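In the two complexes below, subunit A is the common chain; its partner is subunit B in one and subunit C in the other.
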Partner chain A sequence: MTKKKGKIDLTATAFIAPAFILFTLFIMVPTISSFYYSFTSWDGISPKVTFIGLANYKEILTGGRFRNALKNTFLLTLFISVLENLLALCLALLVDNVKWWKNFFRSAFYIPVLLSGIVGGFIWKIMYNYNFGVVNSLLNTFGLGAFKQDWLGNPALTLIMVGVVLVWKGAGYYMIIYLASLQSVSTDIIEAAAIDGASPWQRFRHIILPLISGAFTINFTLSLINGLKVFDQISVMTDGGPGFSTETIVYLLYKVGFSEGRQGFGTAVGVVLLFIIIVLNTIQQKFLRSREVQL
Partner chain B sequence: MKKKEKGGTRVKPAAIAVFALALILAVIFLVPVFFALISAFKSNGDILKNPLALPTSLYLKNFQDLFAQSDFVTAIKHSLILTVVSEVLIVCIVPMAAYAIERRQSKATALVYTYFLAGMMIPFHLYMFPLFKEMRTFHIYGTLTGPILSYIAGSVGFGTLLYSSFLKGIPLEIEEAARIDGCNPFQTFWQVTFPLLGPCTASMVVLNGLNIWNDFLLPFLALPSNVAKTITVEVYSFVGQYTARWDIVFAGTVCSIVPALIIFIMLQKYFVKGITAGAAKG
Partner chain C sequence: MRKRMIAAMMAAAMAGSLLTGCGGGSDSQTTAAAAGGSQETTAAAASDQTTAAAASEAAAGEPVNLTFIFADGDEGCKEAMNEIVNRFNDAHENMKVTIEPGIGGSYDEFLKTKQSVGEFPDVVEMRTPAEYVRAGMLEPLSDDLVALFQSTIEFDGKTYTAPLSGENTEGIIYNKKYFDENGFTEPATYDEFIELCQAIKDKGDMAPLVIGGQDIFHIGFWFHKAYNDQVLSQDPDFIEHCYDGSKNFSDPAFKATLEEMKTIFSYGQDGWVSTPDAQITTFLVSDMAAMMYSGTHMFSNIEAADPDFEIGWFPVPSPDGKMRLVGGGGATGLAISAESAKDPDKKAAAEEFIRFFFAPENYVVYCDTLNFTPTTVAEIDSNAAPILKEVIEAVANADEIGPMWNARVGNEELPPDFRNFVYKTTVEVVQGQRDIDSACDEIQKTWDVAVQSFNPVTGVGIE
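After this line comes the complex of A and B, so read on.
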């Protein structure tokens, strides 16, 4: 295991090389070249790549379409991160405390995670259907027919309806992380608090919650980053519409790149997305990590 | 967390309330999946008339139509090849890299570790256009090789993270004993350490495999457009194509869901282990 200084560790190099080469070729090289293409008017097909300086970034900053996509992305991401974490924590508490069928419940809440975004999105698209969908027929059954809607046809609602599908699909994943964290909280501390007269709410608020704040940081970061990257459900459910009401940054990037042949502009949008992810990650690590309690 | 039960076996109302709430939520979570599974075995008319009713007979026409009207066999074949070949290669490549990073700690390996982890932050959408151009240069655009190599590259970050955290729990003494017995580092890793990493490998394979099986954008854009691509991509194109034949699309979704469901039921604990180990280090 010991080796002389300054000498290249051949064994380690040989072990790492395959992963390093593939990772570099298929992730890092295209990533770095996307910075270059973001300064061009590349159309994705022709070999000619024209350098146009900051024009793409200028369009991003001044054009209305990007601002709309940014707003949609921000709203959708916030909606799913908050609801996913609330729901996932509730699910984890339920599974942790339920007396019967514990494994069944854990699996049931996780099963939507197994479905591809396309498949899950399609199922919900049919369930949201105005005439034949399960959602409207259930509303009818419960005498709530007045709330019947074309759920994906109303621009004011569509983003939220897509958000619901994403929360349904994602909550089970974060539940697993909360559950592991809850199960690592020592029962001794909680019993001691109970003996000292702490109510169940006080025990949750002042003992369990601080101790699972690490899981919260991870889950919130993960759900934010995943929210920013949502694509499959939008493509199958709304195609960015009606109008531009569900066009997110990622969807805009895809649309301009493939339908409009403006891959230079698309990569510039991608660079902005990466920048947003890095900023969010940094803020969150700094802000939330500092509030965590370590045992 | 639970209060001691007074008086023997009496069940407390709170426990029943928790159970009832969990049951209601479980039904809400499972209804869409249940809806898809039953609809695949019903005629289009029955789906429209009574969406949540159970099929009355074993109705397999949707599957017959699915295979007759589309090249779904090719789609299944592609999904299987992409998932299995990528996973086999990932298991050959990633644990070795993680092993070297974890056991040969130096400035260089620490740098490689950071480099791999940084990759986890990069969204696929950012680099997909240049990636396809690169694939054209290597003449692997429109082949299964392109996506397979991308999947391996995409698994390096999370895989290294997962394997390094598991490797920390494996004592060095075993490896040293193997070395004294005359094993070279390659043999030591594959014959002594790797078998001990079984649970970690299982976790990585199920989590990664699920992502590849379900992936949409990469096969959609990088496989040739004149043949069926993968199950997920076929389901997507059916949605636009058969707007009035939901029954066929549902038959397709069942082909996508059922294998994932079976793997999950069989290997559940590895899903849980992988997610929690990844999160603990994330």
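After this line comes the complex of A and C, so read on.
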């Protein structure tokens, strides 16, 4: 913000100030104050805020509900990070290589991204319905009635079913990033490899894949963060149930904060989640960055 | 220099527009400030006179806008509320009530979310008034409003809610034609009820019971029945005793509650866990289930879904032979926001709305549409269906009546959202994810944490 040492650039300051003030007021102040509230038993409504030290964090470490939410969050994040990226890469390769209707496929695969999580969740909830849903109706129609399931009622399946919806919704977004990366790979290198006798698989494995590894880093980072923050679909489709089988950390945070009147504990859960995201993201960045190839 | 000036002007314009954006609620802020100034006047003078004066002032001046939120999960409820609000708006040129979309399933969470983003409505249906009263968010009702009702629930000598109806009595609503065709009769005891469920299950043409397990409040209907049978029958002050530590959730009576839930839910339809409450009517009128357990509000839903459907109703006795039903007055109802009441015009309009709502010619719409029992002193000219009269008679003849376990106040009031934790854990038990002992342990752990911040017996979280 200084042009010369000790001299403030007023123009730059004037441009930055509005955004800086708003960012500070609505992002930084709440974030910092949430650290304070995580040490209190504030109920979220009353003006009375009581300092309780580390009690909230102790409960997080010892409580079974947080452990269950943590397990669900990790399983869901792993499921969607892997499948979203796998599917997105396949779709990107398909769209990149298809000869006809390229734009149609690109749009069709991207449409779920445009739907809000709530709307998409409702659509799938209706489709998954045991008695009236299209999934079980199709199974019946094709004589596969024995495979009918209560997709959102069976605790062994529900997390996977929610994961499928998240993959369906997110894959189109990651496809666009992979597609952009694929299209930036020079055709000269691919052609040279082909002339040297490399098979399509060898060209993909040893040339294309390393060259698009930057897209992997971005996509895995985004899908990891999105997986850790899943809320909409859980809220609409399962309400964390049956029982607590799909309760994730963010959903637990919401439930205890807004339902149970324990904003202090909810905020502590949020703080723990923040550190989990930072740690996982740092590890992931280190791992993926080391595999990136620069031309 | 010129560039710098242009840049500075643009930056100023940008900052100005952002600040304007921040002041989106400037009207309400002005109103609040004005209300703040007039609040002292209101306090100094007799409040009724002030609000009456404000009402006439409002009638002569700017229109007063009120926001109104209710738990609109039920179609009949939406229909009745819209009708009464439309009538109010037509009859009052200078007052306008706007219904803001509510939510049926998790209404308490919804209200708290609205409150946290500064959108708490002027008039609101209160399902859990105690915590809002303690937080100072509700305005006490004036004496003339309280006088409209047969009885109200008081908090420290003041009434905050205008009871919308007598407590919603739950019972079995069944397919009468199916019963008649198959020789099934209304059971006189709990054991006969279980035998009836088994007989329908053995017949195999439809599920004995349809359960809307996806909506946690529906689980609550059944849970209260089992809890009433097993716990309240032995100790009406069980929750108070849990607060003072003389009892806990590993009590044999509480375990028996979960056992009863397991027994009853074994007669639910396939896919009951993921069936929403809004869908259970379809099961009943489509011959997919013979019975449902719900409140009287379901009568109109069933009639709307299939006018030719023959509805039967019976209450389910407790295993000890006594008839315990949900009934009588409760603490829930319409309330006025304390923040809104700082503006005398708004307070007057809100009171006028409540007065209008409970006027016999309007209130009858609500009671008849939802098949609710009225709470007003003034009698309404009700066209209640014969089946509702059957319910009213059953309540009158019951051995014990009272509100649901989660609708009690005083030392029986549950910690916030504790009931939902219990219901979800109950679902785990019924689905076999947990055994009863482990469920009781989990519930007790959650209780132990909850009472650290809310305990009406010791006063923690109450003051």
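As a working rule, the second predicted complex is superposed on the first by the 292 of 295 C-alpha atoms of A that agree within 3 Å, B and C clash if a C-alpha of one lies under 4 Å from a C-alpha of the other, contacts with A are read in each partner's own complex, and residues count from 1 in each chain.
By our rule, a residue touches a chain if its C-beta (ideal position, glycine included) is under 8 Å from a C-beta of that chain, and two chains touch if they have at least 3 such contacts.
Worth saying up front: this structure is predicted, and the values here are computed from it rather than measured.
Once subunit A is used to superpose the two complexes, subunit B occupies space that clashes with subunit C. When the two structures are aligned on the shared chain, A:F258 is found in touch with subunit B and with subunit C. Among subunit B and subunit C, the chain that touches a larger number of residues in subunit A is B.
In the superposed model, A:F79 makes contact with neither subunit B nor subunit C.
By the touch criterion defined above, A:F220 reaches neither subunit B nor subunit C. In the superposition on chain A, A:G44 makes contact with both subunit B and subunit C. Of the two partner chains placed around the shared chain by superposition, subunit B and subunit C are both touched by A:T11. In the superposed pair of complexes, A:F66 makes contact with neither subunit B nor subunit C. When the shared chain is aligned, subunit B comes close enough to touch A:W100, but subunit C does not.
By the touch criterion stated above, A:M28 is placed in contact with subunit B alone, subunit C being left untouched. The clash between subunit B and subunit C in the superposition falls on 220-228, which is one of the stretches 112-120, 220-228, 256-264 or 274-282.
Note: residues 11, 15, 18, 22, 44, 131-132, 254, 258 of subunit A belong to the subunit B contact set and to the subunit C contact set alike, using the contact criterion stated above.
Contact residues on subunit A toward subunit C in their complex (touch as defined above): 10-11, 14-15, 17-18, 22, 41, 43-46, 59, 63-65, 128-132, 150-155, 239-245, 254-255, 258-262.
Subunit C makes touch with subunit A in their complex at residues 4, 7-8, 10-12, 14-15, 18, 105-106, 108-109, 112-113, 115-116, 131-132, 134-137, 213-214, 216, 269-275, 279, 282-283, 288, 415-418, 420-421, 424-425, 427-428, 431, 433-434, 442, 445-446, 449-450, 452-454, 461. Interface residues of subunit B facing subunit A in the complex, by the touch rule stated above, are 1-3, 11, 15, 18-19, 21-22, 25-26, 29-33, 35-36, 39, 47-48, 51-52, 92-94, 96-97, 99-101, 103-104, 106, 108-109, 112, 115-116, 119, 121-134, 149-150, 152-154, 156-157, 160, 172, 185-186, 189, 210, 213-217, 221, 232-233, 235-236, 239, 246, 249, 253, 256-257, 260-261, 264-265, 268, 271-272, 275-276, 279-280, 282. Those residues of subunit A that touch subunit B in the shared complex are 1, 3, 9, 11-13, 15-16, 18-20, 22-23, 25-31, 33-34, 37, 42, 44, 91, 94-101, 104-105, 107-112, 114-120, 122-127, 131-134, 137, 168, 172-173, 176-177, 180, 187, 190, 194, 203, 208, 215, 218-219, 221-222, 225, 228-229, 231-232, 235-236, 250, 253-254, 257-258, 263, 266-267, 270-271, 273-274, 277-278, 281.
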